[in-house]
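Dropping a structure here in structure tokens format, bear with me for questions.
All chains are identified by letter, namely A, B, C and D, in their written order; residue positions are counted from 1 within each chain.
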Amino acid sequence: MALDVLYFAWLREHVGVPRERVETDAATAGDLVKELLAKGEGYETAFADLTSLRVAIDQELVEFDAPLAGAREVAFFPPMTGG
Amino acid sequence: MALDVLYFAWLREHVGVPRERVETDAATAGDLVKELLAKGEGYETAFADLTSLRVAIDQELVEFDAPLAGAREVAFFPPMTGG
Amino acid sequence: MDIRVQEAPFDFGAEAQAFSDAQAGAGAIVTFTGLVRDLPGTPLEVMEIEHYPGMTEKALAKIAEDAQARWELSGCLIIHRYGKMRPGDQIMMVATGSKHRKDAFEAAEFLMDYLKSRAPFWKREVTSDNTSWVASKAEDEDALTRWDPNQ
Amino acid sequence: MDIRVQEAPFDFGAEAQAFSDAQAGAGAIVTFTGLVRDLPGTPLEVMEIEHYPGMTEKALAKIAEDAQARWELSGCLIIHRYGKMRPGDQIMMVATGSKHRKDAFEAAEFLMDYLKSRAPFWKREVTSDNTSWVASKAEDEDALTRWDPNQ
């Protein structure tokens, strides 16, 4: 399936792009991360520590083991610092 | 000693005056109440239940057993309902 | 520390903005405003607030000082009206400023809890067929236990 | 429920007043405002806030709905800016209205606690010699446990 993958804050800076179209068969958000790691050093730095990252599927916060089936948009970002 | 005694809210309505000058030898605020009770029916109604009343000596909240020595002004009133 | 006891209405929006502008170094501003609520059943015509001139100012200053001793505040404002008010009117406001939101929130709640039960104000409600003093609530007195270091 | 995510500054005083005026039947209004604080040491030149358009609005609406389900509120407002801000600038505000002060306070604190850690905003601080993303605080995540019914 084809997904829009978005990156925010320092994650975006490491990856180098704010969003990209990805062709994947990953079952979960965590599996997608494993595929992304193969794309280069920036990705490795960005995803070095999943415990300090958050993921949203179709604009809703989920855990990394959440299934990707039917998803259109996946976003990765650091913990939020609003307010 | 001579004291200004003040009454507020429904206590004032029962007593009939907002303030009066009282000559007393009462040792505490509670003793002063006992003397005031002799002044008539309005006072009896006003001071029927001390647990639902508050007292201030010289504009500071105190207990009914607080000493009156040196006081200039004593005020009696119901629990406050500000805010 | 800015304490005002007045009969005149105050401009909540302007006061809130001016307070916020004056809080150098603050990251968090909390305001609380109390409004005259209408009564269920017979409509409220007038809410009348009596107070104890002299003691009121002292009691509010003491409460504000206690809040400033307890939390690191950049500032603290209390405005409380007395006299006649109508449903929807603003009765009073407090504002607190601090570096951190927890301090600003706690200090504002502390000011309100003490102001409710320790500042000499008494409310009277007037409807077309009745006039009655507002009774104090046990829950307002109970709210103070939250701030007692011995609890 | 009024949720706004915007780059432009907002007028805190006017918003607070308008919110209060619109709260029919409320006896208590609480507002919280977050300001850009200066940094200790090297002065902060710019605070930049990035967000996730689309998700931000949804996340804030969800938080406001949760607050309205949990407390009896006459209304609830969230305004949050993104983009570049300077020390002293207002970043965001929330306001809650309720019959009772406890509900208005708790709902405002709930909104702030969730907004801090569950709405997709990220702050970056720019000084003359450095640019750094603001790290999230463990205490902000911990603050959410207060609202967990299973605690």
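Things to note:
Basically, contacts are C-beta pairs under 8 Å (C-beta built on N, C-alpha and C of every residue); 3 or more make two chains touch, one makes a residue touch a chain.
Quick caveat: nothing in here was measured; it's all calculated off a predicted structure.
Distance from the centre of chain D peaks at B, each centre being the average of the chain's Cα atoms. Taking each chain's centre as the mean of its C-alpha atoms, chain A lies 48 Å from chain C. Measuring from the averaged C-alpha position of chain A to that of chain D gives a distance of 26 Å. Of all residues in chain D, those touching 2 or more other chains are 34, 101, 112, listed in ascending order. For chain B, residues that reach two or more other chains under the stated contact definition are 83.
Under the touch rule stated earlier, the contacting chain pairs are A-D, B-C, C-D. For chain C in complex with chain B, the touching residues are 34, 49-52, 54-55, 58-59, 80, 91-92, 112, 115-124, 133-136, 141.
Those residues of chain B that touch chain C in the complex are listed here as 6, 8-10, 56, 59-61, 75, 77-83.
On chain C, the positions that touch chain D within their shared complex are 11-18, 20, 23-38, 88, 90, 99, 101-102, 104-105, 108-109, 112, 143.
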